[in-house]
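All chains are identified by letter, namely A, B and C, in their written order; residue positions are counted from 1 within each chain.
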């Protein structure tokens, strides 16, 4: 496979979940596959979980890993074609991607949206330019609009924890003081629609996600109604898609509390982390047995490992 | 062992010194022990020696190493329980420690004191919060009040270099233009009291270390008197414990010079580095055969290696 | 060999080129040589290609690699002897080099010129101080006045691509909005004079390189005349050596365009990267089959690998 950027890039989700479980049960079984294969991890933006879990996944498969913080370790990157580069940018993404392809057999790229221009962000300019100009497979380590490694880890976590064949999964907006990307909720919706779950999305009016991700999904503007009988509550803040990048203020009652969790079917709490305590979710919920956040974090390793494994197998 | 933060965490110093010597003589003999074991090194503060020596120690034992500069590569960390995290901090130390434990089998943490609030620093809040919330063993890479890897390396260096069974070791304050932590001298005192040496501490009035570390030790306020017949002179600056964080000004005569060394019993000069030349110590001393600073730096590798070796064995 | 800083440090260029080709054909054949050998890469300045290619080369040879960004990860370094270090600098280069030598078997150092004081830059103070105080071999990852790993990669690229025994190679100045070092052109000239090529240098008046590098080389101030019948066109900007550090303004017609390339003998285009598109070179040239920039970047790995291989062999 040439790229992993979305659920659309994988052939069979059930097969991938099975492979992830197999790798989790025996992480070092395929260490020979990665011998003399180098993974480059490029960060245009900060990262803790993604950095460590992807590095761990690669090590588990016997790969070498090289990490680069672009913009701090390297050069300022130009994205536009045809630019006369006599201003701030020092290297064009064509050369950056081409050059890194000389040293790495697979490249992971993290790039956040700027949340200023919706069309620009949703065109996934940086990631797509990188893929176009790379000579090797590219893995999204979270892009402007999607976070597929997180979603794959979330699918795996739900598969491991579910008590009914087709659980009710509620993705709920929650408060946050800053403008956050829509990447995690977009991606979660995209993967849940393929997974065998009953997905409901709850968010305040004005915070509906892009229609391409919510088509066919029940979207409610009342959180309590959505949470009823939920088996899994996936909380996440996002800024507005409609009024692009706008922060949702005055919705403190969307915080996930013990009272909210009491509406569910002894539901489990999920969040991709980092999470702002007592803003997104109350301490009581996050510190309870209902919280799956560390299981999700752990599964990030096996999500990354199945992607790398599939890429190594292909060749 | 669950943690390495102080001499109190080890069972037998003589045994540890012997193990360190064994590892130094044959650094790669236990490379199988670390196979598929990952060490995470987390830096809240800059590091050169600790970073490289600990990484080297882990590699010698066949471990994988992942390095994270928190606050620059990652997210801003919240330490307080119960905080409504609607301000600058993005991730609570509970999640940070829990998550990193998913990817690392042993975690090293470096964190400096802020030197503003003595009780806060001496409670070792960051390190202890980290240990409380980590699910794997934690190694201090220098904390607010102690630097045990440095002290273990210093014990090893003195053991290797001593010419009498119970040498006289003088820990002396020296001048410095900035407010420095008390971690190195506290820790040195703590380890020397367990080692088989005659420890004397010299510092200006107002710069006595915390009583818990100096109990039973001769503390002199006249450097010349202390240096008499010393076998080892360990120089280090620290800011005031009494008038917490105050810089010691007007004590330029506490610099270690050739004249000062002439008072000793052909004493060896020690410093943990980095050292400000001609402020802490004169060029003539640092560049002389009496200086053990590179030996100390080299022993940092084997200090770290014995800690990791003990943790791997227990594991 | 104790250092690799210039073509003067190697015994036989033809032998090195042959060795590089052999390593490129079979990169992992000498993986046993680097077992338990650690390469430290120290960056005083940013790096993308050098960082990744040298790391890759070391991995190919089975070495361990530790990367340090000095000044950000570490401490501020003092270069002057005899300084009373009571100001900003925290560690003397004597200790830094000595200490890093305790943990690394070979050290790579990148350091840029400040372009303020020509004598200081051309004395290669940082690199030479580092070499003087290091206890292990040192590899220049680009210094104030030379970039030997780039030049060795360039020699290899020309050897692979040349169609005549003694090709005409034109090193031409090209426009750039900022003051750049003379390291790449100095170094290219130095290596080309040893290689079996016909070297011509073209630059505007006032931008002649230091005489020590251009002695015996045809230097022209008319680009068109120089480009005639060129087999290879190596474009690069540099600031003035004469009026030290001055930017060359008003020379936009020195940009390499399709028209300029039409003057050559179906010449190949070369640049060390990063390159400012449509300033140094037009898109049409860089995106054409005549461009060798990715081949050059790829050869950086084998340039580094031959240096490390020679150092490992010497023992």
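Here is the rule we use: a residue touches a chain if its C-beta (ideal position, glycine included) is under 8 Å from a C-beta of that chain, and two chains touch if they have at least 3 such contacts.
Model, not experiment: these values are computed from the prediction.
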**Prompt:** Mapping chain-to-chain touches, which pattern fits: line, ring, star, complete or other?
**Reply:** complete
**Request:** Superimpose the Cα atoms of chain A on the matching ones in chain B and note the rotation angle, 0 to 180, in steps of 5 degrees.
**Result:** 120
**Request:** Let me have the rounded angstrom distance from the C-alpha centre of chain A over to the C-alpha centre of chain C, please.
**Result:** 39
**Message:** Give me the residue numbers in chain A that touch at least two other chains, ranges are fine.
**Reply:** 72
**Asked** Which bits of chain C are touching chain A when the two form their complex?
**Response** 27-28, 43, 46-49, 51-53, 55-56, 59-60, 69, 72, 177, 273-279, 283, 287, 293-294, 297-298, 300-301
**Message:** Help me check something: in the complex, which residues belonging to chain A touch chain C?
**Reply:** 36, 38, 40, 64, 66, 68, 70, 72-75, 78, 81-87, 89-92, 94-96, 98-100, 102-104
